[in-house]
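In what comes next, chain A is part of two complexes: it sits with chain B in the first one and with chain C in the second one.
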Partner chain A sequence: MEAVQRFFRHSVLSYKALFGWLDPKVYIFVMVLNPFSQLLFFAVLVNYVYGGEGLAGYIASNALLLCVMNSVFGIMSVITSDRGMGTLQLVMSTPSSKAPLFISRSLAHVVNGMFTAVMGLLFGILLFGLSIPFDALLSLLVIWLVSIFSACGLGLIIATFCLWSPSMHMWSNLLASLLLLVSGANYPLSVMPAWLEQVAVFMPLTRGVRLTKDIVNQGDFSQMATLLGQEFLLGCLFFAISLVLIAYAEYLARVKGTMDLE
Partner chain B sequence: MMRAFMHTAKVQMGLSIARPMFKFVIVVNPLFLATLAFFIYGGSSPERVFQYVVLGSGFMALWSSIVYSSASEVQRERFYGTLELLFVAPVSFAAILIGKIVGNMIWGLISMVIAFLYLVLFFRIEVPAVQPMLFFGSFALVLIAISVFSFFLALAFTLSRQTNALMNFIEYPIYLVCGFLFPITILPDWVKPISYLLPPTWAIELLRRATDENATWSQLALPFSFLLGLVLVYIGFGYVCYRAVEHKARINGKLGVY
Partner chain C sequence: MGETVIMVSNVRRVYKTEVGLFKKTKKEVEALKGISFSINRGEIFGLLGPNGAGKTTMIKLLTTMLIPDGGTISIMGMDPVTQHRKVRPHINFILGGERNLYWRLSAYDNLAYFADLYKVPRVEQKNRILELLELVGLEDVAHQRVETFSKGMKQRLQIARGLINRPDILFLDEPSIGLDPVSARRLRDILLKLNEQGTTILLTTHYMYEADELCDRIAFIDKGQLITVDTPENMKRQTAGLSIIECKLTEVDAGKMEALSRLPHVRHVKQEQDDMITTIRLQTEMPQAVIPAIYQLVDETNISDLAIMQPTLEDVYVQLVGGHAK
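So, the complex of A and B:
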């Protein structure tokens, strides 16, 4: 029980310490206004191009995208924040296992991502006067949790790069751009070329976005079990790879002396 | 003065592209933006695809390069601890800042060209036969307007204590309000006055009209005049901000303080 309490305590403490929570203006700009403006931009764009067809699905997909990006960026920022504050070496040299350590430090960011996504979805629904049935909302919650789990696995893999690479912003933006493009959140999946579909199979979010659109636009739940199962397995695979990579990146950081590089 | 300006632009180009994030913004980001815009507009007419995908994503690439370079340039020098040195150099700080903006603008232009070539070569988008005088005349004014706007932003951000948050925030609102990927006529009426006060709105409108095969000077007159007017206004705003930064530096002694 003490271990579980420590896990959550650590999560809250590291979030407060590393995110600059002392200044609410930064939080409002980065975690509220920026995601909302992104959601609004794509909502206005797809509403114009597709004449309002399937708009609710696009808005819900973009809310999911924001949620995932916030969670993944949060995981990545844990390592770079520690590096910026000069505490990364202390964290890496503790005798504790690194996987639960980083997962607990990421947890608050996942919760924060969910909060932003729900706010974003409400914002989009109110602004465009859309309606989503209550049973669809419950299904969306499950789909989003599994999608976040899967995306966080990939985020943790990329986060390990930050131990040997000084370019965290580049890696995180590359991942964000890739997810934005490949997920199909802003266009019908039918326009995606076959080669990109092959890439999309191995990316988190693709199935989450497809299910979100199916459920919100057509009330179609038929693919839910299959696609969610695939997404969960993909997430497990990502986490397994990330555990190996954390150990390898830790070794690389020690050998190359790059742990504190900015 | 001219020599310092030219050297600053040259050094700035090297400094900017040395940052991995800026390399990503200049080389890789335009490809993502262009692909996404093409997928969204894929089924539209060739004219619409050119106006909103080619010009729109090119402008998004240019704007991203400004957000991640010129807009935060003074803040970056402050972070490096070199801002005070630049400020007391015998050459005017304004000349150095303009040199930096021109250096970054060249990279932004390269980013636009990458997006354009990628769309034309990879997705076989038809390019209209533009009239060279109209197009290049308009394009020159667009580059001047964006440079003046960047100068204003760099100084306005310097006066704020939230440069990083503003830098991260400003990208999508400008895409939205200035109508990079759609006409601003679809925006709510209360948003339009804000759009009209921002140079990128008229810049992209001018380029859209200038790339029309049957464009005439009279068709370009409205966006051209508004953009020219805004350039003069933003030069005024830039001057006021410059004096405010100078005041902060000399009277309050807070130039290098966050």
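So, the complex of A and C:
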């Protein structure tokens, strides 16, 4: 019980300590207005291109994509902010196990990503007068939770690159663009080059976007169990890889003396 | 003599770096060249040396953050290379400067955060955190964000953080760097109090008076090599027969300084400029012969003060580490 409480306390405190967007004014600008403007841009674009056909599905899947702010930039802060503050070496030198530590740090971003995506959907519903059935909304919450968990896993892998590379902005922007490109939120995956379609199979959010469109536009839940299972396994794989990379970076830092930015 | 808690034997550490994009040039810097010493339980042990001497590397090796390239280290009978998970609950470390804290969290939350990382049971956390905040005099600002703290307050909070797991051994890397005299004095008082409670302390510092006041034993290291290890008292005895002439001058030029350093019987000259006054410290075995020579070289109206003093630890340091500086 003590370990579980510690896990959640660490999640909240590390979010406050490392993410730094708890100032309401900054939060509204960075985590609300910025994602909403992105959603509005794509909603207007797909409305123009497809003449309003399947608009609800496009808006809902773009709302899911708003989680990128947390699953990429938020998760990166789990390592880069710690390193920049000079606290990473202190944290890594404590006796706590690093796997639950980094998973608990990611948890707050999964929750925050969910919040941003749901806010985005409400914004889209109000702005475009959409109607989504209640049972579809409940399914969407589950699909999004798993999708955002998976995206945060990939985000953590990329964040570990920052233990080797000082170019954190390059990595974060590359991943954010890639998630937008191959998610299939704004065009069908079939219009992409074949090799890019293959890349999409191994990326998070792709299945979430597909299920979101299927459920919102056609009320089709038939693929939910299969795709959701795949997305969850992918997320677990991403987290497992990231934890191995963190352990390797820790070892490398002890050999090379490079854990902290001095 | 207490039980040995730290044993360092012939430890070497080399940093390897690569420079260049295509044609890479490998560069090696030998930070530690075979250092050996031991520390007893309950001691305050000082590691002193100039910048780049290898002090921080030594601290990182002892705190499991680095792996040595040669030699062995034992912390309370454990090997920090292979048994780092067992060593970590027994030690903690404090680094100088303002970083190494979460500025967006309050003092209390910073300590609660690290209490969780050191697996301090929740039932003990509150009392322990309040005790530590009281020890470092931050109980009134416990729930204030660290970003509003002065440098001295941040440094004291670091001390509290370093004690959150009640370590048997505390490592401090230049803990008083940048602190004003009052804050530095307060820090020294805290360290002495901790030591009275049984904590073994290893600290690095540039301030000789600090090491002299705090340390039971001191090691001087330079260029990765151990110069000497002894008590401050024994070290000062090495300068037996040596006197320090401290002379305050209102005006002195480079030519006269050069002439002063060439005087017979003068072993070392140190010059410090403070606004309008230049203080020179001459190490000599024959002050009675040197003082008239000073009066001959320098216009006596420029001499505002002159005194013969006993050597301090700083003079021993200069003699052993910076003896070539004359």
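In this text, the second predicted complex is superposed on the first by the 249 of 262 C-alpha atoms of A that agree within 3 Å, B and C clash if a C-alpha of one lies under 4 Å from a C-alpha of the other, contacts with A are read in each partner's own complex, and residues count from 1 in each chain.
In this section, a contact is a pair of C-beta atoms (placed from the backbone, for glycine too) under 8 Å apart; a residue touches a chain by one contact, two chains touch by 3 or more.
Given the structure is predicted, the values throughout are model-derived calculations rather than measurements.
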Inset, instruction - Determine, under the contact definition given at the top, whether A:Q198 touches first (chain B), second (chain C), both, or neither. - result: neither
Inset, instruction - Using the superposition on chain A described above, determine whether A:G257 touches chain B (first), chain C (second), both, or neither. - result: second
Inset, instruction - Based on the superposed arrangement, let me know which partner A:G86 touches: chain B (first), chain C (second), both, or neither? - result: second
Inset, instruction - Determine, under the contact definition given at the top, whether A:M170 touches first (chain B), second (chain C), both, or neither. - result: first
Inset, instruction - In the overlay, answer first, second, both or neither for which of chain B and chain C A:S96 touches. - result: second
Inset, instruction - Look at A:V30 in the shared chain and tell me whether it touches chain B only, chain C only, both, or neither; answer first, second, both or neither. - result: first
Legend entry - Partner chain(s) touched by A:Q38 [first = chain B, second = chain C, both, neither]: first
Inset, instruction - Go through the superposed model and pick first if A:E2 touches only chain B, second if only chain C, both, or neither. - result: second
Inset, instruction - Pick out the shared contact residues on chain A: the ones touching chain B in one complex and chain C in the other. - result: none
Legend entry - Complex interface listing, chain B residues touching chain A: 20-21, 23-25, 28-29, 32, 35-36, 39-44, 162, 164-166, 168-169, 172-173, 175-176, 181-183, 186-187
Inset, instruction - Report the residues of chain A in contact with chain B in the complex, numbered from low to high. - result: 25-26, 29-30, 33-34, 37-38, 40-41, 44-49, 166-167, 169-170, 173-174, 177-178, 180-181, 186-187, 191-192
Legend entry - Partner chain A, residues of chain C touching it in the complex: 15-16, 57, 60, 63-67, 85, 88-89, 93, 95, 97, 99-105, 109, 112-114, 116-119, 121-122, 161
Legend entry - Touching residues (chain side chain A, partner chain C) in the complex: 2, 5-6, 9-10, 13-14, 16-18, 20, 22, 85-87, 89-96, 101, 253-257, 259
